[in-house]
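Presented sequentially are two complexes of chain A, the first with chain B as partner and the second with chain C.
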Partner chain A sequence: MFPELGQFSLILSLFFALSLAVLPLVGYWKGNRLLLETARPLTLIMSMLVLVGFISLCIAFLSDDFSVLYVAQNSNTQLPIWYKVSAVWGSHEGSLLFWVLILCGWCSAVALKIRTLPADVGPIVLAVLGIVCVGFLSFLLFTSSPFVRILPDAPLDGGDLNPLLQDFGLIVHPPVLYMGYVGFSVAFAFAVAALITGNLNASWARWARPWTAASWAFLTLGITLGSWWAYYELGWGGWWFWDPVENASFMPWLSGTALLHSLAVTEKRGVFKSWTVLLAIFTFSLSLLGAFLVRSGVLTSVHSFAADPTRGVFILGLLIVLIGGSLLLYAIRAAQVRSTVSFGLSGREAWLLLNNILLTVLTLTVLLGTLYPLLFDVLGLGKISVGAPYFNAVFSPIALLLMVFMAVGPLSRWHQTSANALLVPCVIAVLVSVSVSAGLVYLLGFGVTAFISLAVAMWVVVLSFYDWFSKVSAGTKGIIPRARQLPRNYYGMLLAHLGMVVTLVGIVLVTVNSEESMLRLSPGDQATVAGYEFRFDRVEQLKGPNYLSSKGQFTAYKEGKQVAVLYPEKRFFTTRQQVMTEAALDAGFTRDLYVSLGERVDEQAWGVRVYVKSFVRWIWLGGLLMMAGGLLAALDKRYRKRARAI
Partner chain B sequence: MHPLRRKRLIIIIAILLILSSAVGLVMFALQQNINLFFSPTQIASGEAPQQATIRAGGVVVEGSVKRDPQTLYVSFDVTDYQYSMTIEYLGILPDLFREGQGIVAQGSMMANGVFKATQVLAKHDEEYMAPEVSDALKNAQSKRVTVTESALSY
Partner chain C sequence: MRKFFLFFPFVAFSILSVVLYVQIGKDANYMPSALIGQTVPEFTLVSLTDDELVSNKDLPNQPYLINFWGTWCAACHVEHPYLVQLARSGVVIVGVDYKDKKSLAEQWLNKKGDPYRYVLMDELGHFGVDMGITGAPETFVVDSQGVVVYRHQGEINAQNWPVIEGYLQ
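== the complex of A and B ==
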């Protein structure tokens, strides 16, 4: 019964979404307040109905209702209960429903905060979100309903969840990532609403900023979690693969970062207006493109869902309608929102312009690398793959340049900065960063790339603290009261920038200072990697809830002292007949010990990966700092205060 | 020049400079890092360049996996059911590597006609087959069909 209830409430919610997409716009056009005011209740009802649909699917999973095709394919009576819940979003149909649910969550959040917007803007924003909802709900209902029954021959047991996804990382990674992805549709809705109403002033940017910062923070966390999950779950210790699907989430992040910065300029100075609107559309388009790439199966990826041409065509259609429509609107209206204020080339505007150019270029290079195999194939030039070396070669220099400027931007003043104000700190920072980095590189024997990267990292740290210190030491109040007076927005920025530094240091050290070896070991053997002695003690056979496991035991010693005992596993999932590697980690602030069992090569011996990964945690620690920065910026008092005043 | 125009000019030049250097970087990097895929049939006919990094793949031939008793060195044959080729690899094969399973290897052809792999990929999905591999199989199959058809017509 629940699956039918779910299906029915989804159909009903599509009708509410349709009304939401139409009524407020008609109301705006006719000047009818009553129709405008329908936006809020329509949004809330639509969202409730989607929630009912989602809960119905959860119930189908929890009650092992294998007459539902999607449940039969992705669950099993033996599956532990928390994985039954996360299996709801473990495959295409359910994850799409989950996507819609989160979209509705964002819509409801906007609806609940609607009083903070002018009476004619809020409903239009919701109406645009309604259009997006119509698109995704019809995609869900017409091509990928999770409630399809297989009656009367329902299987007695399900096909089990993909073992790769039976992990804590999967419980948390998709929800957070989707929060980010989908959140950018709010920024998009604000942009389109501004184009429709022609009301694109500084307050527009102020409303859009916290939403953008919040979704950016979620996306940052989602990408970080994804990287962490890949690191320990794929069993070979990589933390970023430049896989098309990773790129699909990374591109909106890059352009979202650009959007965040250009919104700041639009809010503070009233310039870059039409560019900001374009970026909002662009960022949302990249989110949609990501959905298309992941779900249509056009690209080879570890994440691809089962390929289905109709789905691909549907998303492509959705992409064309939404992006084409908004760009058309942009073409018609953008001329009216052109900025009239000018800005100086030495002002902060110029630095942020540079930031935007570099971030856009980065986005485009990733986009090109991701789509290039597709283009090549379509043009009939053969099958190619664009490997990680391409991305590393192109991305790293531009990103480093971006970070160099990232440190200068906050030091500069709006409109105009005197050369002296920048010269002194920059000279200090150059001296400090070059000498410290040179010293480190000399002591540790790293190469040129590491030197440049570490120097950039130091440069950002020095300039950030210089900036903070000059801000708090100005005036007569004393440092602590001044420090507390600085807006959260500012601390958010500081935190996010330092997060970038932490991630950069992690990336550099894990690249140049790690030791990785693939060994052939039998129980009793020893191996030395990066000064750590690893002893392969034994392998035991164990039985898990839905798998059989070969569990190894390794003891790691440093200078004769026992440091850690590691239990890497090889799991054989009986239902899917699939083998999974569970790496064993001893995580540390400056190094990770990583052992994973490869294949059994004969009666006794195993192929074993033994890695000592230097500073790898810093990569994700930086991600967490960036996320915290984003949230702090989103929660700046200013947005709430003004909101109440209106 | 009018100061506003001058400013615009500077901005445009800056954008062009950044863009053109990025384009240069991209072109250079693409040239170095594109890996073309070759099927065993193409390799047998000598289409694949030697010493360049390429990808090759097919279905692992049953019973062809040979391991060195001392190291992690392994060799195996892959086929598109027309031709087969030998791949050598030193390292740990992925979990889904199995005889009868489609795989893609990255590496280069050596002078003795053996493919030396630096990376072996098998996807984490039971029903999955890399599009390259399934296309290569389809092509080889259609050729085989034409061969049998022409054989029948005699």
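== the complex of A and C ==
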């Protein structure tokens, strides 16, 4: 009964979404207050109905209702209960429902906060979100319903969840990532609403900022979790693969970062207006493109869902309506916008413009690399794949350049900055960063790349603290009261910038200072990697809830002292007949010990990968700091003021 | 002029949509082999059945299949009965036992039946590298002139056999 209830409430919610997409807009054009005010209740009812649909699917999973095709394909009676819940979003249909649920969550959040917006803006924003909901709900209902039954011959047991997804990281990674992806629809809705109403003044930027910052924070966390998961679950110690689907999440992040900064300029100075609107559309478009790439099967990737041409065509149609429509609207309406304020070449506007240019170039670099194989194929030039060498060679220098400017922006003043205000701190920072980095590189024997990267990292740290210090030491109040007066927005920025530095240091050190070896070991053997002695103690055969496991035991010693005992596993999932490698990790602040079991070579010996990864945790630690920065900025007090009554 | 530029994102997106549309429904996993249109690379390997050396000149003079397999490969277990069936209907198959042990391969063929004209032992996997295989099972169609005309990755079964058979003519 629950699956039917779910299906029914999704169909109902589609009708509410349709009304939401139409009524407020009609109200706006007719000047009918009543119709405008329907937006809020319509949004909330639509969201409740989607929630009912989602809960129905959860119940189907928890009660092992294998007469539902989706449950039969992705669950199993032996599956532990927490994976039964996460299996709800383990494959295409359920994850799409989950996507719609999160979209409705954001819509409801906007609906509940609608009083902070002018009476004619809020409903239009909700109406635009309603259009997006119509698109995704009809995609869900017409091509990918998770409630399809297999009756009367329902299987007794299900096909089990993909073992790759039976993992804690995968319980939390998709929800958080979707929060980010979908969150950009709010910024998009603000931008489109601004285009529709022609109300493209600086205030729309202020309304859009906290929403953008919040979704950016979620996306940051989602990407960080994904990278961490890939590191420990895929069994070969990489943390980023430039896989098309990773890129699909990284592109909206890059352009969302650009959007955050250009929104700041538009809010404070009223310039870059039409650019900011375009960027908001662009960011959401990249989120949608990501969804398309994952669900249409046009690119190969470890993340892809089963390819289905009908779905591909449907979601492409969705893209054309949403993105094509909004870009067309942009082309027609943005011509009216003209910035009246000018700015000097040394003002903060100019630095942020540079930031935007570089971030856009980075986004396009990744976009080109991701889509290049498709273009190549369409032009009949054959099959190629674009891999890490391209991305590393093109992306890294631009990203480093961006970080150089990242440190200068906050120091500059709006409109115009005096040369001395920049020159003094920059000279200090150059001296400190070059000497510290040179010292480190000399002591540790690294190369030129490491020198440049570490110098850039130091440069950002020195200038950030210089900026903070000059802000708190100005005036007569004393440092602590001044420090507490600085807005959350500012601390958010500082935290996010330092997070970037921490990530950079992690990336550099894990690249230049790690040791990896692939060994052939039998129980009792020892091997030395990067100063650590690894002893292969034994292998045991164990039985898990839905798998059989060969569990190895390794003891790691440093200078004769035991530092860790590691248990890498090779799991054989019986239902899916699939083998999974579970690497064993000993995590540390400055290094990770990483052991994974490879193939069994003969009766005794195993292929074993042993890595000592330097500072790898810093990559994700930086991600967490960036996320915290984004949340802090989203929570800044001044966004919470109510709109003046009109 | 400015108005014209504002249409640029829309135009760029339209072009991208066309590209994406063309790609829908194509199999992204399909990788054509660089060997197609070329003769089978040179090799000298030991035959499993009689320990004789086999090289290019010993390959059949009629269209045939080269099938890479191994006892360690799970999909090969699934594929094997179908190959036996094909061999019975007269399809010539040259087997390459890839990165495997002789004793295990002999047991396998005794137990499951032998669909192969002969089996080459590629214990070190050098021939596999020359043929550019990415895993097992993998099958190549070679015509009567000794030219590779098709490559199939993964198991052969009743669904995909008609396509492969088409190249075998």
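Note that in this section the second predicted complex is superposed on the first by the 640 of 646 C-alpha atoms of A that agree within 3 Å, B and C clash if a C-alpha of one lies under 4 Å from a C-alpha of the other, contacts with A are read in each partner's own complex, and residues count from 1 in each chain.
FYI, contacts are C-beta pairs under 8 Å (C-beta built on N, C-alpha and C of every residue); 3 or more make two chains touch, one makes a residue touch a chain.
Bear in mind that the values here come from a model prediction, so they are computed numbers and not experimental data.
Of the two partners chain B and chain C, more chain A residues are in touch with B.
In the superposition on chain A, contact is made by A:Ile384 with chain B only, not with chain C.
Of the two partner chains placed by superposition, only chain C is touched by A:Leu371; chain B is not.
Of the two partner chains, chain B and chain C are each touched by A:Gln577. In the superposition on chain A, A:Leu422 contacts neither chain B nor chain C. In the superposition on chain A, A:Leu164 contacts chain B only, with no contact to chain C. For the contact definition in use here, the residues of chain A common to its chain B contact set and its chain C contact set are 300, 304, 382-383, 577. Residue ranges of chain A in contact with chain C, taken from their complex: 274, 278, 281-282, 285, 292, 296-300, 304, 307, 309, 312-313, 316, 319-320, 323-324, 327-328, 330-331, 334-335, 371, 374-375, 377-378, 382-383, 577. Chain C contributes residues 2-3, 6-7, 9-10, 13-14, 16-17, 19-32, 74 to its touches with chain A in the complex. Residues 4, 7, 10-11, 14-15, 18-19, 22, 25-26, 28-30, 32-37, 55, 67, 69-72, 91-93, 95-97, 106, 123-128, 130-132, 135 of chain B are the ones touching chain A in the complex.
The touching residues of chain A, counted against chain B in their complex, run 162, 164, 235-236, 300, 302, 304, 306, 342, 345, 353-354, 357-358, 361, 364-365, 368-369, 372, 376, 382-387, 389-390, 393-394, 397-398, 518-520, 576-581, 598-599, 601-602, 607-609.
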